[in-house]
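What follows is a set of structures to go through.
Two complexes follow with chain A in common, the first pairing it with chain B and the second with chain C.
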Partner chain A sequence: MTLREISDRLGLTVHSGCDRLDTEVTRGYMSDMLSDVMGNAPIGSLWITMQKHKNIVAVAVMKSLAGIVLVKGRAPDEDTVAAAEEEGVAILSSAQGAFATAARLHELGVAGD
Partner chain B sequence: MRRPLAADLHLHTCLSPCASLEMTPRKIVARARELGLAMIAVTDHNSAENADAVRQAARGSGLCVLPGMEVTTVEEAHLVALFGEGEAARSLQELVYDRLQPGENDEELFGLQVVATADDEVERFEGRLLIGATTLSVGELVEAVHARGGLAIAAHIDREAYSLVGQLGFIPPDLALDAVEISGALDVAAARARFPEYRGRPFVTASDAHALAELGRHPVWIEAEEASFTELSAALRGEGGRRIFARRPATPGAAPQ
Partner chain C sequence: MHEQQAQHAKTQELLFELRVADVMRPQVICVRPDQTMTELRNLLREHRISGTPVLDGDEVVGMITIADLIAFLVSGESEARIADKMTRNPQMLFSDQLLVHVIRQFDETRFGRFPVIDPQTHKLVGILTKGLIIEGMLRAMERELKEEEIRQYRASHIFEDLVAEYKEIYLTYELIGRDFDRAGKASTQMKRNLKRLGIRPDIVHRLAVASYEAEMNAVIYADSGVMEFRIAPEEIFMRVRDRGPGIEDVARAMEPGYSSAPDWVREMGFGAGMGIPNIRKCADKMHIQSTPGIGTTVSVRIFTGREGEGA
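This part shows the complex of A and B:
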């Protein structure tokens, strides 16, 4: 399933990386500690988080993540969007919380531990 | 004349819900003097309400007490803010209270938040949820501290919980911190080896004491003219030969950290 399909099905808002929406998503990872994501997120996974600090972009690049989904309607900081556009990282946001977002992704066949 | 001065730049009073009730102004001052500390900073969670009482309790003792606080940012990272005078600390406190997550402290669950007098009497109990986080981002907070003339130090970066490194993975290179603090779990040499990417930043150690027995553990040594906020700031910047040391310098002119 592509990021675009996920975005459509979950009604997500795209904040950056419009040209990255054809990325295929097979796995998800959920954590609000960036040190944990750097250490443990599977390469290429879709990351669900509340953190909107600019550092999320660097972590996404480091782990070649498919994208970042911010939850509870949180919008990324301005400098986060700028960095994401520069690095080509897709940031989307969900009005729902992390649990519901992960549950919906799981229903759509996105795997995760 | 410059001399080595021991400082504990991060400790909690009975105002912090997680601190022991024995952490009262007089007892803190007495213990700090007993240990030969020249300077301490009062850094309660998201509040500076007890800083003035500790300063008053230290009056005439020769112990320099800096008002400050340990602020929880929106990323749930802890930052220590230090000031040279009470007015600046109160101004930051106003901002922090304004941006603190709403809620009442549950004394059963988190502990008492005692605002004390300089005579170790209970003045009142603080009702705000000091254990909570603010909506201030680290960048916003560092800016707010600097705008008030203070120093901003990332707390216990070697710990996973509530540290800038734990929460944000790494310290944003453009974050204008005045120092990074490491907990007592590591010495400065080990910390420098573990975090080579922060070599340009001053490293300080502190007790993060929540009880009297912890006060003064892992002090930072400052080679400066006197124990004051201005001299500490200059030592962190390495100005005019002032320096900070991880251990008590053995001889004048010992190699800095």
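This part shows the complex of A and C:
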């Protein structure tokens, strides 16, 4: 399933990386601890988090993540969007909380540990 | 995957870099207002074009297109002068305009082609169509792609191309403490460098994680630091030295979950006590040397081997 399909099905808002929406997503990872993501997120997975500051972009780049989904309707900081555009990282946001977002992704076939 | 992202950013940049003169067709064919529509028909057919500017001396006085010709043929008139069938006072583009501005003009008007004039002399220098913009963009993209290919090729062959008994590349980055704006930049650039050097993806990934964690530690805890990488054919060595508070108990810092991070750092999602364990997980060898009040040095060695290259 592509990021675009996920975005459509879950009614997500795209904040950056409009050109990255054709990325295939097969796995997800949920954490607000950046080191946890660095250490344990599968390469290419979709990352669900509350964190919206600029440093999430670097984590996504270093782990070659498919994208970032912010939850509870949180919008990324302005400089986060700028960095994401520069590095080609897709940031989307969900009005729902982390648990519901992850559950719906799981229904769509996105696997997690 | 990341090359594609970079490439896409490049194509967007192109619109802001290319000017009309870079993609226009330098004008060679034009007609005069006193020529006939029959002459126009022959000219369009001969040159396989669908429109051309009308010039009175040096001045562009109109545009005449295949649509005008068809309208004329349908009307059943036996002959007409171009002057009577052309679009007068056409909108014109300057040769030094950026493509990004010109594209809007194509969208806002129904015109498929614009005469291009020199911004100083106002003389006709070419013609621009949407097709020419696309062709020009494709040419420029191909150039960019080739350049990146050459960069990657050169980088990945650097060890073969240079002749010496010992070959190593040193790369150094300065780190600034508490600057979360720049935090991660050194590791991001380093990851790109390693890919260009043709290092195996799994090794690039391990080094990316280790360097990011080490960089963040220096940024979070220290006033400043230096990140050094030594890339040799068989191994990559990374050393991050910081001028910070140092670690009281290095053995404890290695335990997952141990952290001395202040609350504001934890709120950002750092300081979970996983940084050093993550580095250790990615390193073939890791060494931490720390003196309280002076600083910490983290050294990491990753063996790249020669087998399985290009995997």
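Please note the rule applied: the second predicted complex is superposed on the first by the 113 of 113 C-alpha atoms of A that agree within 3 Å, B and C clash if a C-alpha of one lies under 4 Å from a C-alpha of the other, contacts with A are read in each partner's own complex, and residues count from 1 in each chain.
As a convention for this text, a residue touches a chain if its C-beta (ideal position, glycine included) is under 8 Å from a C-beta of that chain, and two chains touch if they have at least 3 such contacts.
Quick caveat: nothing in here was measured; it's all calculated off a predicted structure.
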Chain A residues touched by each partner, larger count belonging to chain B or chain C: C
Which of chain B and chain C A:103 touches, first, second, both or neither: neither
Partner chain(s) touched by A:51 [first = chain B, second = chain C, both, neither]: both
Contacts of A:111 with chain B and chain C, given as first, second, both or neither: neither
Which of chain B and chain C A:87 touches, first, second, both or neither: second
Partner chain(s) touched by A:18 [first = chain B, second = chain C, both, neither]: neither
First, second, both or neither for A:61, with chain B first and chain C second: second
Chain B versus chain C as contact partner of A:77, first or second or both or neither: first
Shared chain A surface residues [contacts with chain B and with chain C]: 32-35, 38, 51, 53-55, 58-59
Contact set on chain C toward chain A in their complex: 1-2, 5-6, 8-9, 180-181, 183-185, 187-188, 191, 205, 208-209, 212-213, 216, 268-270, 272-275, 277-278, 281
Complex contact set, residues of chain A against chain B: 32-35, 37-38, 51, 53-55, 58-59, 77
Chain A to chain C touching residues, read off their complex: 19-20, 32-36, 38-39, 43-44, 49, 51, 53-59, 61-64, 79, 86-88
List of chain B residues in touch with chain A within their complex: 75-76, 137-138, 160, 165-170, 172
